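Two complexes, one shared chain (chain A), two partners (chain B, chain C).
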Partner chain A sequence: MSQLISLCRAVLNEHFGSVVGQVGEVLLKESAQFGILVFRLKDKVSLAQIRKALAILEQHNLVSFELVNAQRIVYKVNPWDVLMLLKIPRCGLIIKTLYQDVAESIYEEIIKEGRMTLSDTLRKMKERNPSLSFEEARSKFETLAKAEFIIREPPIDCYIKGCPIFAQKFEQFEVPAVTEAKVYLSEPPANRKRKAESGDSDAGIYWKINWMRFERYIRDELILDQIVGSKTNSPRDQLFRGTITALLKACETRATTIFALETVPVSLYDIIKTANDEKIATIEKGNAAFVLSTIIDESNGVLRKIGESGGGLYVIDYGRGMQLLAQSHIESLIREQLDTKAVRIFRLLQRTGYLEEEQIEKLIMLNPKETRELLYAMNEENYVFVQPLGKTSDFAPARTFYLYRTDFNRTVRLVEESTCKFLLNLMLRREHEEKEHRALLDRNEKMEAIIAENVDNNEELDEAARSQQRAEIEQIYMNDADRTLLGRHKNAKKKLMGSEIEIERVLYLLHTHLVFAERAIPMKKRGRTRKPLIIA
Partner chain B sequence: MSGGQRGGGGSAAVRAVASALGINRHEMSNYIQPARSEPPPLFPPLTRSVLPAEECDRQKYMVATKDDLLKFGFRDSPYFLEEKKIGGDVKRYTDKYRETNRTKLQPDWSRIPEELCWQKKNLEQNPSKKRKLDDAMGELVNEKLKRLEENAAEKDEEPEEKQEETSDVEDEEEKERVGDEAVSDDDYLEEDNDYATGYFDNGEGYGAGSDDDLDADGDL
Partner chain C sequence: MAVVKTEINVDPSEEVFRIIEDQQDGIDNDTLNHLTPSLSILERQHAINALLADQRLEILKQGEQIKFRVKKGTQLAGVSQEEQLIYQLVEESATNGIWIRELREGSGLSQIQLRKVLKQLETRKLIKTVKAVGTTRKCYMLSQLEPSTTLTGGTFYSDQQLDTELIQTMVTLCVGFLQARRRKAIEEAKNSIEMQKELSLVRPSEISAYIVEKRVLKMAVSDEDIDRVLEVAILDGSVERRPDGRLRAIADGIRTSALVTIPCATCPVIDDCKPGHVISPATCQYMKDWIG
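Right after this comes the complex of A and B.
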């Protein structure tokens, strides 16, 4: 996955600078000891810079180290951890919709620092918004911890050969007690040393973002959109959405890991209770049963009923849901790229397994020429694959069957790769745009600073004089051509960023499908095997 | 179709393959393209346009957050590490205003391996331990040297008993290995390798005159 690595490097470059990007790239390719890392980066990055870069990666929980054989420390970077950085805006929105602004700024501070103690976070919050009360900030922090959106860093157990070994078992979400007096007073502004020396009561207890929890939330959102649609206008939609949300919420509280292929069974009674307790919606029993039975019929196996106790036991099959989502993405990709007819061929092959060109022609009811062209194009784009089957050992074209088949996971893997490339291209394009318009942007920045300083903060001027002066300054710094150019650039940047965020979601979806599919293999193998369908 | 690579066409072989693939003779020209002499265009016109991405409030908000965090959140934080530009382009008066005042990077040293500390102070935090290690190493080295010297002396006196000596030395090594695991050289002294462990060359036979010359120079 070279595209994945280049993408990760670009992401690291953007967030932490080019040195960290270089160091990260080496570790992404292969986990290594410090000495090997230094050797790989010889003449490119200085020793101190490498150390700093590793420390930065460690601070943001992007590198993990492990003591092998009690001798060597091996550093490792996981590309999917790095790509979490692209989820920052989406997760920020989740926090904002769930817990409002204060929680979101706590989230942002922790994102920026990588890890923080409670006391530090509270001080930062005070700095940002002096009117915020201590109690409110603290309670928001506690809410986040309770909802498991933030998690404690493991405490240090011991040191072996200078390498800290972290404790395995500890209270992951327990918020330490801090008092207002101690937090705000214990920080002399001149001597802002590290926490260990500052004498906070919670020194050394760091909190970080619990990405796993966010992943779970995003996955649930995807599934929800998939089985009930994203519309929320009519009361019917709200009822459907509310029921499934309650179902997912009920599973959330029972500790399922992200690795589970399906949710734990939830009874109808539990769903109604959760809906009322969490104030999602008031659902009557009859309605809920109706909604669930409808969705079971419509959702193509994502929601299943597995028992009758407690008014009916229901599970959501994540693996199936992700597969259907990936399927719809691939299908729409084929539709956009080639044609609806190509989607028909794709579906036919998925259903029947191996088919010859002529059989496809007949079944899909197209003329030979068009079928052939579509098949070749699909083969080129890796949507279908050809399996030659020779009648004789020489595989001469005249004496060979060419059977077409699909390999869905392989296609998804290839699409995932090109999605990485696509995302990388978007990022590079944005960088390029910014470089191109640097001078213009600088001028704009300067102009805005001057307006803010001289006009907006000047109390002597009335409203009319202000707008006049503002216009004058704008006239000096920029002509009309510049202004349109700037507008266009800003628009382009917004579009690029928006696409990046959307593409990231698709990339996550495809990746999750592959992870689930890999895990489900042992189950699938026991099932039926595909046989070539020969039509006389 | 990859007809382009085949070039001119018209040969019997190409026709045979084409007919196997179901391409009629009069259709051949559609698939065979003239040889290209220039690279394909970088941005060819798209045959199909894609639907524009949907813009909603959620997305606008996410874009604003991303922009903000990238511009002010990460770039100004102490965790942003850029290569120092050597020379660069024209020096500008405004350069000094553009520099962001990042606070110094100060990670929690206790959470990262010792080998990553880039500050002298932190390296020498534990001088007694380091000293001890040095002493221990010194002793080991001395011991080894002494042993090697002894070996050499014995060998010079009785070269014919070399074989016996070897086994003796190995026994000795064996005993010592139990004592100090730390000496990694022991790894090389496995019993069934090809190295003549008892053999020691003190270098007397090599480069005959050179040492003498040095001495002579010294005398002068």
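Right after this comes the complex of A and C.
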């Protein structure tokens, strides 16, 4: 998993600087006590810096610590928590689409700080936009909490040997009552060291981003795409989309954990009710039943009907959905790297299990040479694996069957690893591009500042004079070559960032599939290998 | 004594011929001796020589053994004995063809002799060579015969090679047919998805009829051939088979993954690519071309 760790380090570097990156890397590789951490970073990072980096990681909920044997405190960083940082723009968009701008600002502030009290957030909001009413900001905050997109930090129960032990039971989403007068009047003292000392009524009640909820939302989006396909706006597609959205929404309120393999069973009535209550779509009963039965027929087992009560009970199989999505990504990759015919082989082997080269050649109707070339290439790229089966104990090549097989999860794991590398490469390239054009970007920034200050804010100028002055300043700071270069750099950056977001989505998908796949295997069966099945 | 008497009356050569005729695969000298106790060595020899001279018998050499057999098949005019022998062996193999090594074993001729004979027969257009599928063996058969399917591999082989182009064409045709049917079904039953589904289902026999009508193949195609082609289409994910055997085109089976939009996914040197190395993301030419 070295690629994953390198990627995490790059992400930490980008967000918090290289010291945090270094500290994070150590803790990603092994969970460690503070002493070990210091030892690993000896001569590289000073003690004070390590403490500070650890504090930053803690503030942003990236490091977890626990008291082992009631004497040692062990720190640990989970790589997938770190990678959530890559989802920040995507999640911002989700919040903006669902709850508009004010909610997004709240989200941004909490992201920036890692964790915040309600009062602090409200003060920040006032700073950002003085015209914003107290009540609006507060109600948006409440909406976010109610929708579980933000969550309270657990309060500290007690300390054991200096390690805080958190309360297990508390109201996770209950927003404390605050009054406008108290929030805005209690201006913090100039050199306040600890926030808990402030006079806020909600002091000590911190809120953080509930990544689990976002994950669930993103996963639902993926499943929706898988079932309906992100296609046209025809009434038919909209009806399909609406029905499934309602189904997912109906589960949302009753969701168990994020790791549940399936949604809870939802009845037809609940779907229709949710659709109408949440104003997703107006669906009639006959329509909904029909849409659902059509999807059951086509979704390859992602949507299932499990009972008849309440007009029919439906579940969505997340595990299956993720598997199909992962499959389509892998197939696309094979198609691009090798050939469509390789996809044929891959599917054939998935369906039949173990096959010899000659059998494959017959079934996919290719000539021996091509088949062999494809199989060897696929083996090299880890899409198929060879299982030798000796007729005699010496395993002499002439007396051995070479059976080809697929191992989907193994392939996904390896693709996941290389996806980390792809993503890392994109990030590194973007950094490089930025470094390369640093001077130009600085100049551009300076120019824009001057234009904003001297031209746009100058009341005395009329429109014509403004554009003339603007052109003059632009001419001074940049020539045509610079401008095209800048344009090209901006495009490149846009492309790289766009791809980063897309690739991150795939990475998340592959990871989720593996999590589900792992859970789908009952404990007792784990580790036991399948026996080869020979098809004559 | 009566038995001996009747046997004496019979012509020895007829007696020998009758015995050899019973043995389809030929008979060796010892067995012949055993079966004709009434004849003296000399008599037997004369009989055989007479039969050989009349071209009614032939000699086969199998390993060390010499066998006699009743001459079968076409008699060629104006050919040497060796040529006649080889011609017969080839003729016997019928549409399966005979391999050169089997010819040598069957005839007992030397490599050089055999080559010469075969060449002569070939120049006279009596026999031809055929390459079998899957091996490099050259097989001989009579020039007027069509090689059997075991030799040619069946419908999808031309020039002893699997005709991948042809198969691809067939797949495209079948999928095209099914898709056209699907489109038509959607057009006809705009308001009912169930009807659309039902109408877009096609029986395999309809597809074979369509293929025959299109005349893509010179020879007749069997239903099994069509089935194999359809199986490939199913593996490609463009067609689905219902449990009742009927088929239907799938709307758009292929979704392009975001992974393949970046150059790294298909990069040939990705394994050597590391930050700070000769090949690194910062200096990558593929990346440079891609971001433009």
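Everything that follows uses one rule, which is that the second predicted complex is superposed on the first by the 513 of 536 C-alpha atoms of A that agree within 3 Å, B and C clash if a C-alpha of one lies under 4 Å from a C-alpha of the other, contacts with A are read in each partner's own complex, and residues count from 1 in each chain.
Definition applied: a residue touches a chain if its C-beta (ideal position, glycine included) is under 8 Å from a C-beta of that chain, and two chains touch if they have at least 3 such contacts.
Just so you know, these numbers come straight off a predicted model, no measurement behind them.
Student: Determine, under the contact definition given at the top, whether A:Pro368 touches first (chain B), second (chain C), both, or neither.
Tutor: Touch status of A:Pro368: both partners.
Student: Quick one: classify A:Lys495 as touching chain B (first), chain C (second), both or neither.
Tutor: Touch status of A:Lys495: both partners.
Student: Touch check for A:Arg51: first (chain B), second (chain C), both, or neither?
Tutor: first
Student: For A:Gly301, decide between first (touching chain B), second (touching chain C), both and neither.
Tutor: neither
Student: On the superposed three-chain arrangement, identify whether chain B or chain C touches more chain A residues.
Tutor: B
Student: Taking the superposition on A as described, I'd like to know which of chain B and chain C A:Gly114 touches: first, second, both or neither.
Tutor: Touch partner of A:Gly114: chain B, not chain C.
Student: Which partner chains sit in contact with A:Gly487 here, chain B, chain C, both or neither? Use first/second/both/neither.
Tutor: After superposing on A, A:Gly487 lies clear of both chain B and chain C.
Student: Just to be sure I read the superposition right, which of the two partners does A:Gln337 touch: chain B = first, chain C = second, or both, or neither?
Tutor: So A:Gln337 meets both chain B and chain C here.
Student: With the two complexes superposed on chain A, say which partner A:Ala398 touches: chain B (first), chain C (second), both, or neither.
Tutor: A:Ala398 contacts chain B only, not chain C.
Student: Could you say whether A:Leu426 touches chain B, chain C, both of them, or neither, answering first, second, both or neither?
Tutor: second
Student: Can you list the residues of chain A that touch chain B in one structure and chain C in the other?
Tutor: After superposing on chain A, chain A residues 336-337, 368, 495, 499, 502 contact both chain B and chain C.
Student: Mind listing the chain A positions that touch chain C in their complex?
Tutor: Per the touch definition, chain A meets chain C at residues 229, 236, 290, 294, 297, 328-329, 331-333, 335-337, 340, 343-344, 347-348, 363-368, 370, 415, 418-419, 421-422, 424-426, 428-429, 432-433, 488, 491-492, 495-496, 499, 502-503, 505-506.
Student: Which positions of chain B touch chain A when the two form their complex?
Tutor: Those residues of chain B that touch chain A are 1, 16-17, 20-22, 48, 50, 53, 55, 58-63, 65-67, 69-70, 73-74, 77, 79-83, 94, 105-108, 110-118.
Student: Quick one: which bits of chain C touch chain A in the complex? Just the residue numbers, please.
Tutor: 134, 156, 161-162, 164, 167, 193-194, 197, 228-229, 231-232, 235-237, 252, 254-262, 264-266, 270, 273, 275, 280-282, 284, 287, 290-292
Student: Going by the contact rule at the top, pick out the chain A residues touching chain B in the complex.
Tutor: Residue positions touching the partner: 14-20, 34, 45, 47-49, 51-56, 58-60, 65, 73, 88-90, 92-93, 96, 108, 111-114, 153, 156, 161-164, 194-196, 204, 206, 336-337, 357, 368, 372, 376, 397-398, 442, 493-495, 497-502.
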